[in-house]
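Below, each structure is written out as structure tokens.
Two complexes come next, and they have one chain in common, chain A, joined by chain B in the first and chain C in the second.
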Partner chain A sequence: MEKKKANKMIELISVTKKFGEMNAVNHINLTVYEGEFLTFLGPSGCGKTTTLRMIAGFEDPSDGKIFIDGKDCDNVPPNLRDVNTVFQNYALFPHLSIRDNIAFGLKLKKLPKEEIDKKVDKMVKLIKLEEHINKKPSQLSGGQKQRVAIARSLVNEPKVLLLDEPLGALDLKLRKEMQIELKHLQRELGITFVYVTHDQEEALTISDRIVIMNKGNIEQLGTATEIYDTPRTKFAANFIGETNLISGWIMEQDDQRTLINVHNSIMEAFEVEKKYNVRDKVCICVRPENMHFVDYLPDYSEERYNTITAIYDEQIYIGNLRRHILHTPEGEEIKITRYARKDENYNRGDYVKICWSKKRCILVND
Partner chain B sequence: MDSKKRSSLGSALLTIGPMSLWTILFFVFPFLYIIFVSFCSRDQFGNIVYSLNLGAYETLTHGVYLQVIWKTLKMAALVTVLVTLIAYPYAYFASRASKKVQSLMIIGIMVPFWINSLLRIYAIMNFTSKYGLINNLLMGMGIIKEPIQILYTTGAVYFGLVYSLVPMMVMPLYSCLEKIDPAVLEAGRDLGCSSAVLFRKVIFPLSIPGIMGGLVLVFVPAMFNFYIADALGGGKTIIIGNLISSQFSTAKNWPFGAALSVAVMILSTIIIIIKNKVEKARTY
Partner chain C sequence: MKKKLGPVSIVYILLFLFILYAPIVLMVVYSFNNSELDMGWSGFTWKWYQELLSANDVKTAAINTLIVSGASTFLSIMLGAFAAIGFHKHDFRGKDLLDSFFYIPTIVPAMLLGVSLLSLYDILHIPLSKITIIISHVTFCMPVCFNNIRVALKGFDRSIEEAAQDLGCNQLQVIGKVLLPNLVPAMLSGGLLAFTFSLEDVLTTFFVAGPKDVTLSMYIFGQMKAGMKPTLNALSTLLIIVTVSLGVIMQLLQNRSVANSK
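And now, the complex of A and B:
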């Protein structure tokens, strides 16, 4: 699947971070390849920022090893690591001008002045802040500050750029623009980016690969499409995009299909990759766009579709799409997304037959 | 409409009135009176003669008095330097310590500060006196045979001034250092600073407003103080503070005392103006 050069840039081996009794990060293994844009995605407290801080060197792992470009980083302080960090609240030096902020790392490396000036000028041009170069950080807007923070890190040409929710403080429109800008920057410079966010849309937009974290564990690692199409856990299914989860238990599995008992009706899934035992509790995971009304599905057949009855609640317009909300007699919420121009006409309380393809459903442990 | 206006004027008078009255009576009026007296002269019994002249200011320009002013300035400057050297590490460690140690360190500096300063000076007199705690201890340990002179020396005056003014520097410095965003320090580390470089290039520049605040709070009182020089210096150390106080009390030369006071006020105003200028140049 990985098309990039298989050059390992960062390697985490069984990395654990304990805060008191709690494992903030729990024995995670992960490889980040050179030049890729990898995103840690998860709710707050899932350990994503802690992991990033361990790579940066601000926190020491309680257990496990971190390698950056093949070098063991045990006891290597942040100033001696070939990575730079972009902080959530920018963390610009308030007493220095924008130029001096960006030149900070280069001056510490004792580069000749002309070289520093050349690199800083190039970077300032890249982030389009030429006319603000002599201002102090307090005179800039949030978006400009964040650009300076990114430039201040990138100008050092680190092997890896670590970004800790760098767009968290910006408003939605600016955030979207910056996402694209970041993605372009990364592609142009070819630097490995490790990004932390709790915003799934952001993760889907900018990442090559996404690491979904929950309670200190990696729930799933893969490209956006992989995670969306084949979530491996209930958490991953819920966290990326919207999903319908219908719970049941395994009745039977052979090498072609799996039978699931859902409230005493039998559902079939052509998924056999994951092995289950009889009576294992599972959830059938169906994306809203793969859930259909039987009435409006021309090629409906019982062999190819699982069918259940649900009670209609309401519909919501979302631009060119229309979302229908229903619930099963057992109280599970069902969402169906369809193009708005279709003229379904259901009323609240109607019993409606809905179905999904036996090919297009994923099983996850309940 | 009109009654509403009147009632709001009434409430304004009620709220800020007493305070204004207090300020005018006990601050503005004495201040103006001192300026006025400095332009008067006195008769042979020490009574003020209300005829405007510059006699008191002429006395001020006599070499002896200029020397006292110069000596006081030097002393205040040295005290400020010493206070800063002690207060900076203290404030720095307090700002970076755990919450518990932090509050202990701040209480440690504030509690003595709340005790009347005269009492503290008497305490210093007590244990620095000829047969006081220090001399007894040193003699008991056999380090010295005869009691040494500690009290009533210039050193004792310096010690007293530094001791009483350290909190005035610690507090603004501490609040300034404590406000530094930890992420900014992490950014410094991240961009390649060792601990020493981080201090020189980030922490110290960011603490300058605190130092400037402390400078005024230390330098000005160090210049004005009179009872420390009197009590610990035994009256041998003449600085502006006790010179002024003696003009108002024993020498009975109010116009000259007032002229000295005005001179010191002008000096301290200049210091505050310089401090504000420096601070403005460093706003961020």
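And now, the complex of A and C:
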């Protein structure tokens, strides 16, 4: 499945972290390749930060093994690991100037002074903070502090940079700018980035691959497009983008098609990869832009589209798009996104026929 | 909306401050009074200060005080800092209990502390000397330093320590390169407070001092028996200047450490 031939940079093998009785991270297996931008995405408490902290060495796994660049990291303290961390609250050293903050790691390595100066200067230039170099962290703004934190880590040329919600404390506009800056920085330096966030938009913007985590488990791993187009679980479908979930159960499956009973009407799905048993409970997952009004679909035919009736609720304008909210007689919410036109004219309570392609039918376990 | 003060309030406050500070002001003024008696102003003079500075027993007492207070302050800062860092870094059984034990010497009446320490030295056959004074002072000065440093550590972001570790520090380097430099203001302000506590202590010192180890506060206390001399006014004035300036410095340091941690 992996297209790149890159080296394995980090390998997690059945890694578990227990806090008391609870499994914060539950037997996860994962490979991070050299030079990629991998993001852990999930709600708070899903285990993403714990996983990152185990890679950094701040937490010891209760079970399983972590390899960084082929080396077993069992009992290796953080200061001896070839990874550096950027913390959410920056964690700059308040008693040191910006220059000394950035030079901190290099000084510990006892590099010659000229070399330290050269590297620090280069890094300061890269993050565009030349005029602030002699200030103390308390004199900088949030965005500048975060740049310093990133520079302080990157100057050590780690094999992997770990970022724990580094933009969480910034306002939206600055966050968007920093996302792009980070992506450029990563591409320029070719360092492997492992990033943690709960913001799906951020994950989609910056990552090469995304790991969706929930309750200590990996729900899905893949590129943004893969996860958006073919979510594997209900959780993944819901967490990345918006989606319509229509629940039913499997009636029949052969190589060509799968029949699903949705509230006693039969839906068809073509080319479903996964094998199901009869009576398995599933959800049909249709993205709002793939859900259509029969009335406004010129090439509609019953052979190619699954059709249901829904009750119209309201519409919401979002820029050049219009979102229509409906619900099924069973109470499931349906969202349809269309380019804003003037021709749809439904009223609250109208019974409307809606449909989706049998080809684009994605099934997830209920 | 804040109301302006009424006349009654103003009179009350002035009276309050007068009662609080009049004796001190009077004492400072009388230290410059040309009369041997504490009655009436008979002209300005430096002579009590001159007499004070030329008196040998005052000099010895001052040197003793510097040694005792200096040493007990230094020890208190060190022990307080180590204890506070230990409390910060580790969780252990009986932590809360130990925490409250640290404060007992500060609330036990000084006389009782003196009596109990004296009997301890007696049981252990430790001869009374400056060292016994220092040990006694550390018992009630250390908690002050400990508390100050502990508070500073509580406000210290744990991830800063993790960042230091992440960038290559081992446990000792984290303490040396990150924790201690950031604790300097708290150590100094705690130390200054401890110094003033040690400086002014008479009661405990009275019990545990050797016959030759007269400190300044004990000297003043002793001289009082012979009646109020103008040199005592001068000495007390000097002590007030020292303690007030220490207090001001401490306040400034604390303000700075608060501003830094933001």
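Points worth noting:
Everything that follows uses one rule, which is that the second predicted complex is superposed on the first by the 361 of 366 C-alpha atoms of A that agree within 3 Å, B and C clash if a C-alpha of one lies under 4 Å from a C-alpha of the other, contacts with A are read in each partner's own complex, and residues count from 1 in each chain.
Rule of thumb we're sticking to: a residue touches a chain if its C-beta (ideal position, glycine included) is under 8 Å from a C-beta of that chain, and two chains touch if they have at least 3 such contacts.
Small disclaimer: the values here were computed from a predicted structure and weren't measured.
Superposition of the two structures on chain A leads chain B and chain C into a clash.
When the two structures are aligned on the shared chain, A:K109 is found in touch with chain B and with chain C. When the two structures are aligned on the shared chain, A:P77 is found in touch with chain B and with chain C. Residue contacts after overlaying the shared chain place A:P94 against chain B and chain C alike. Once the two complexes are laid over each other on the shared chain, residue contacts for A:Q179 go to neither chain B nor chain C. In the superposed model, A:Q220 lies in contact with neither chain B nor chain C.
Touch criterion met: A:T85 reaches chain B and chain C at once.
In the overlay built on the shared chain, the residue A:T49 is in contact with neither chain B nor chain C.
56, 58, 77-79, 83-85, 87-89, 91-95, 104-105, 108-109, 136, 138, 152-153, 156 are the residues of chain A that lie in the contact sets of both chain B and chain C, per the superposition on chain A. For chain B in complex with chain A, the touching residues are 181, 183-184, 186-194, 197, 201-202, 205-206, 282-284. Interface residues of chain A, counted against chain B in their complex, comprise 56-58, 77-79, 83-85, 87-89, 91-95, 104-105, 108-109, 136-138, 152-153, 156. The part of chain C that touches chain A in the complex is made up of residues 157, 159-160, 162-170, 173, 178, 181-182, 259-262. Interface residues of chain A, counted against chain C in their complex, comprise 56, 58, 77-79, 83-85, 87-89, 91-95, 104-105, 108-109, 136, 138, 149, 152-153, 156.
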